[in-house]
Every structure is written in C-alpha cells, then in structure tokens.
Amino acid sequence: MAELTIVRPSAFKQFRVLLGKELRQEFRTREMLTSMGIYALLVLVIFGAALSQAAQGFDILQVSGGLIWALIVFTSLLGLNRSFSSEKEEAALEGILLMPMDRSLIFLSKATSNLIFLLLVELISLPLFYFFFLTISSPAPSFWMASLPLLVGSIGIAGVGTLLATITSNARGKDVLLALLFIPIIYPLLHAVVAATTVVVVGGDNLVGTFATSLALAGGYDVVMLALSWFLYEFVISN
Amino acid sequence: MDPILSEIYQTVLGAAPYVIIAYALMWMILLVYVLIMVFSLKKTEKQMAALTEELRLRQKG
Amino acid sequence: MTDTVAIAPDIHLALAIQAEGLGKSFGSRKALDNVSFELPEQAFLSIFGHNGAGKTTLLRVLSTLARPSAGKVEVLGLDVREKPEELRSRIGLISHRSMLYPDLTAEENLLFTARMYGVQNPKARVSELLELVELTARRHDPVRGFSRGMTQRIAIARALVPDPALLFLDEPYSGLDPHAVEILDRLLERLRFGKNLVMISHDLNHGFALATHLLVLAQGKVALFTERDELDVRSFREFYRNSVGAGGI
Amino acid sequence: MRERTIFDSLAWMALLLGALLSTAGFVLAFTTAPMVKGVDLQVFAQIGGVHVDYQLLFSQKIFYFHMPVAITSFIALLFTAIYSIIFLVKKDPKYDLRARIATEIALVFVLMTMASGMLWERYEWGVWWTWEPRLTTYFILTLMVIAYFILRRALDDPERRATYAAVFGVIAAVNAPISFLITRIIPTRTHPVIFRTDSGLPPDMLLPLLLSMFGILMVAFGIYRFRLREQRLRLQLEDLKAQLED
C-alpha cells in the first residue's frame, strides 16, 4: 500500500471541508431549497388570500415588513427542521464526532450552510413578494436598505435555529417542537428587524433614528445569542 | 350619595370586580399547584409504604 | 503504512486498553459500574452481554463518544478524558449504522472523511481503500442505492481512512447477508495484524472464534474477562448461560 | 433515605411567615394604603381631612401582589439558569431536578402575573390584550417555560433530557431580559397608554408592597422546597422499584 501521511488540518480547513460537504449534498438533491422555495411561494399565495378583502386605500407598505418576516420565519423553520436529517439517517454525526476536531466547527458549518440556503430562498421569494404585492404601491426610495436587516435577521435565525434544530433532531415530534422552541426565542430579533424593515420600506421623518436603533438592537441580539449558542453547542452535541 | 364624592369614587366601584377577580385568580393558581403537589406526595407516600411492606415480606420469606 | 502522528519513543504502548474502576452513571442509573480490565496490544477483544448490559456504553466511552463519570481509562496509552482529540485520530468505529451520507457518492464520502482527518493525497488513499473493499467500480454512485452489504463495506473503508491503530466494531454483522458476512470476515482477518480490534457481538460462536480476549458484561459489571485460550467454546457457552442467562445464544 | 437539611425545616417556617407577611401586606393594601391619584376633577371634597380633587384609582390595588409575583417569577427563572449551568458543569442530576422545579415555580408565578396583569389592563385600557412591552415579554416567557416542559417530555434518555433542558433553560433566561429591552426600546406604532407607575411610593404604600414582596418570595421558597422533597421521594421510589425488578 501507498505511504499514508496524516497532518492534522487547521480548523479553517476543516470548516471548509464540512461546509463543502453540506453544500455538495444540498446541490446534489436540492431537497431543502426546493421545498423551502415552494413553501415560500405558497405562503405568498396565502398572503394574497389574506389581503384580498383589504380596502382600496389600504396601505400595504405598513404591513409589508411584517409579512416579509412571517414568510422568512416559516420558510426557515422548514429548512432548519431538515438540516439534521442527513446527519441522523445513518448516524453520520457520530462519524464527525469521532474525528479529531474542534466540535464547535459543526455548529459553525451548519449555521453557515443554513444561512446560505436561507439567503438563497430570500433571493428568490422577496422579488416575488415585490412582484405580487408592492408593484401598485410605491415603496420609499430607501427600500434597498432593507437588505441590512434581512442579513442581520437571517444570521440570527440561522445561528439560534441551528442550535435548537440540533436539540429537536433528537426528540420526538420534532417539527412542532422546533417551532415551539424557536419562535419565542427569536421573538425579540423579529421585533427589531420588522421595525427596521418597515421603516425603510415606508420611509418617513425619523427614518434614520428608528432604523439605526432597531438594527443595532438586532445586531446586539445576534452577538449575544450566537455567542451563547456557540458556547452551549458543545453540551448539545456531545453526550 | 354626595355627587362630588361619587365622582371621586367613580372608578372604585367599577374596578372592584376586576381587583377581586385578579386576587382570586392569583390565589387559585397557587392553590392548584399546591394541591397537585400534595396529591402527588400522598400518592408517592402510599406507593412507598406498599413497597416497604413488600420488601419486608420478601426478607422474611 | 506509517503514521506521522508522532509518538514519543519513550512511551511504551504495552496496553491497548487499560480501564480502572470505569463507571458511567446518571443519578442512580448505572450503565457501567466499576469496570476494570487490561487489554494487551495486538489483541482482538469480543464483548458479550444482554441488551442493556452496557456493551454499547462501554464502546462509546472507549471511543470518546461518551465521557466516563468515574474511574480512569487509557486507550492506546491516552486518557480518554484528557486527550480525546489525540485519541480520535488513532481509532476507528464501525457500527451497524454506516455513518455515511446517503446522497453523496462512495468516493465523496471517503474523500470527505480523508480531508477531515488531514490525509495528505486523499484521492490516492480513497482509491486504495475502495480497492480494498472491492467497490472501485461503484465509486461514483450515491450510497443510497447500495445494498446493505455494500454500504457496510464503504463504512469499513470509512473507518480505515486514517489507518487507525484500534478499531471498534459495534455489531458489524447485523443485517448482513451471508455473502457480505464472508467479505467482512475476510476483511477482519486481514485487518487484525498490526491492529487492535474491539467488537461487540450477539453471536457467541462468531465472536468467540475471532477473539483473543473475551469480556462478558452483565448489568454494567464485568462478569468475565479472560484470554480466549483459557476456555473452549463449550465451557464458555456454559458460563455465559449460567452467569448471564440463556438469552443471546 | 436522604437526610433532612436545614432547608427542609426552614421551608415550614418560610411558608408560614410568607403566608403571614403576604396576608398582612394584602390587608394593609386595602386599609391604610392611600389610593393612587387618577384624573383631576373640577370639584373637590374633604375626605378624612384631606383635600381631594381627583379620582381615586382602586384598580392600582392589584399591583400590591402583581409586582411581587412578577419579580418572583423572574427570580425563579434566574434560578433555573443558575442550576442549569451548574448541571452542565457537574452533570449531577440533582441540579437538573432543582432547575426543573425552579422552572415549575416560574411557570406558576408567570401565570399569576399574566392573570392579574390582564385583569388590570382590561379595566384600565379596556382591552384584554395589547402588544405592550411587559405583556409581550411575559407572554414570550410563558411560551418559553411551557416549551421547556414540552421539550423535556419529548426526550427519553434521562441524561440527554437533562442536558437539553438545561441548555434551553439558559437560553430562555437570557432571552427574557433581551425581549423586554428590545420591545421597550422599539415600541409598536400604536401604543395605547403609558404605564402609571408612580416613582417614589409614600411609606403607606411602600410598607404593604414590601410586606407582600417578602411574603410572596418566602411562599415561593417554601413551595420550592416542598416540591423538591416530594420529587426526591418520587425518585427514590423509582429507584426502589427498579431494584425490586432486578
């Protein structure tokens, strides 16, 4: 047999290999992306029905921030629920736990891949949202700034969601359980990013103030909760 | 009653049922928890007694 | 095959596993209770016992998947509590679950593992292993389409990627057809030279035939630890029946 | 059998004293404590020698218990987090038991807070529900505490159950103040009424409030200890049963 040389790879290299594995799996089957995309589309259809009786003068801009985040939260739940199915199917997670590595890399790679998938779905579904609901109204010219709260919010969702999805992947009735754990925990972030998104879409006088405050608070939530999730992940993953 | 006094006390009568219900509810929730606890304790003690009895019989026999 | 994970020359690895008063408990539940044994190098240990006797827990503790709550365990001279990462690079585990990603191909699965361990020139290593388990022809097929036996062979190749000095096997035969059993037997025969093997088995005859050492667990305690040559299979069966019970034979 | 610790004997005293103190606080709240000023009136009267030209707010009496109960629930949740962290470090199931019972106490007091708060709000604001910061935070808190118990039920392996519950307990305890902070700083657009909590209470009002505060804290402590004893007994029973089966 050939000479076998083993050099312990750097954490960053292992992170890249782990992330590469996640992406390769997903782009092979596209299971998560397709189901999240279709689900997002269906949520838009439901929004259509929900708003169909609203009065003529009804200002859709006022609620658009909230609707966008409702769409994102529900869609992300679907993805998060699936994110550990490939690890559980043949106990592949145990194989990873047997590897010589820093175990928080598992959290980091899963959270990153979840974030990437979530952003991809947002990239498809949010233009659709605009197309379906906002073409008749005129969003404030600052609406492109919504990408900032979208990014900050998605990071928080992916981070906290990954920790909670790991917990529920070992539990009975995991789909409902994840929603039950996830939504109350994510609520403060949601409150902040909805405010930030709405204010840039609607426009108005105190735009900058509200936007900056909400965004700063959402960022603060991300920092605290991601640090906490990172710290607690070791306990969740090893038994 | 004096119209001025009745004006001053106007909210008292209206609020009274809410205040009473609020206190009643608080005590009731606490009471329910305590009751659950007591019943659970009674049950455990009963089982414990039965088990000790069984253990005693076993050691004899 | 050489391994550049350097071992200081003054550490002499006389023992593959050294367990002293090993315990794994949670509250009053004791999965493992005061387990002590010493397994020399180059041994093949078969672990027997009923369901819930603590076999899998023992294997998980030895392979650093679970932390012991009492006692001291050294595997390959490394304390499982203090140096788990170092130990992990020197052991492999084959269980009845393949630990593979069904949607990735056989080659991708092995490449992923090789890169994670830091194998230099991973492609060559993977080709070599695929040859060893005789699945070179199927290297580009997703594992999902494989039969149970083929999947298990890839799982074995996966465990062998870093050329572990100690290989754990958790009921590797369960669910295999006779042909796959044959291949696994052949592989184990080849592997046992220069390696340590620890296997959980339900099959008394099989486990006995392969082993150099036997360990019987009952309710988390060691009921028997001995070299195989001290016993013949009949008296071992008898012992097992008397001490542990009739089940599992 | 486990030894009875000093805390077990303290539990009786705490419960008794707590009941006494909170009853005293309750009585004083309705007798000596003056009523809070409401809307100013054009008219006035002399009541007990005091010049009164405003409406008297009776509904504020709810706060003599509402506030202590709310604080107690937060303290209970704090203990959930503390015991959860100790459990994660030591992996000793006795801390898991403590964390679980602290969360039970938190649930009871959160429910009490919600019930009394909603009644006050129904009278003062005329609605049963509004997304006001404190209410929202308490609602989120209720959901998290309920989720904590549902999570426990969904896990079979005792060690895993304890670990995951501890992790979630810590997250929930950290999330509660964050939730309050964020909903407070970024108010909803239609904010109904500002809270009428007067800063600097006169001694007549402070005394019953403090009495109920200490009383309710002691009651909570007493109940916690009893529940702990009861659950320990139950665990011993389970052990005995398991031993008999072997």
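For reference, chains read A, B, C and D in written order, and residue numbers begin at 1 within each chain.
Throughout what follows, a residue touches a chain if its C-beta (ideal position, glycine included) is under 8 Å from a C-beta of that chain, and two chains touch if they have at least 3 such contacts.
Treat the numbers as computed from the prediction; the structure is a model and nothing was measured.
K.L.:
If every chain is reduced to the average of its C-alpha atoms, which one ends up farthest from subunit B?
P.N.:
The chain lying farthest from subunit B is C.
K.L.:
In terms of CA centres, which chain lies closest to the overall middle?
P.N.:
A
K.L.:
Counting in whole Å, what is the centre-to-centre distance of subunit A and subunit D, each centre being its mean C-alpha position?
P.N.:
33
K.L.:
Would you kindly tell me how far, in whole Å, the mean C-alpha position of subunit C lies from that of subunit B?
P.N.:
Taking the average C-alpha coordinate of subunit B and of subunit C, the gap between them is 56 Å.
K.L.:
Which integer distance in Å separates the CA centroid of subunit A from that of subunit B?
P.N.:
43
K.L.:
So how far apart, in whole Å, are subunit B and subunit D when each is placed at the average of its C-alpha atoms?
P.N.:
For subunit B versus subunit D, the centre distance works out to 15 Å.
K.L.:
Where in subunit C do residues touch two or more other chains at once?
P.N.:
Answer for subunit C, listing residues that touch two or more other chains: there are none.
K.L.:
List, in ascending order, every residue of subunit A touching at least 2 other chains.
P.N.:
Touching at least two other chains: 239.
K.L.:
Would you give the residues of subunit D that are in contact with at least 2 other chains, written as numbers and ranges?
P.N.:
Within subunit D, the residues that touch at least two other chains are 159.
K.L.:
Which of the chains are touching one another, listed as pairs?
P.N.:
A-C, A-D, B-D, C-D
K.L.:
In their shared complex, at which residues does subunit A touch subunit C?
P.N.:
1-9, 13-14, 17-18, 20-21, 24-25, 28-29, 86, 89-92, 94-101, 238-239
K.L.:
Of all residues in subunit D, which touch subunit B in the complex?
P.N.:
26, 35, 38, 41, 43-45, 47, 52, 54-59, 61-62, 65-66, 69, 104, 108, 111-112, 115-116, 119-120, 122-123, 219, 223, 226-227, 230, 233-234, 236-237, 240-241, 244
K.L.:
Please name which positions on subunit D make contact with subunit A in the complex.
P.N.:
Residues in contact with subunit A: 88, 136, 140, 143-144, 146-147, 150-151, 154-156, 159-160, 163-164, 166-168, 170-172, 174-175, 178-179, 181-183, 185-186.
K.L.:
Considering the complex alone, what residue numbers of subunit A touch subunit D?
P.N.:
160, 163-164, 167-168, 170-174, 177, 180-181, 183-185, 187-189, 191-192, 195, 210, 213-214, 217, 221, 224-225, 228-229, 232, 235-236, 239
K.L.:
Name, in rising order, each residue of subunit C that touches subunit D in their complex.
P.N.:
26-29, 69, 219
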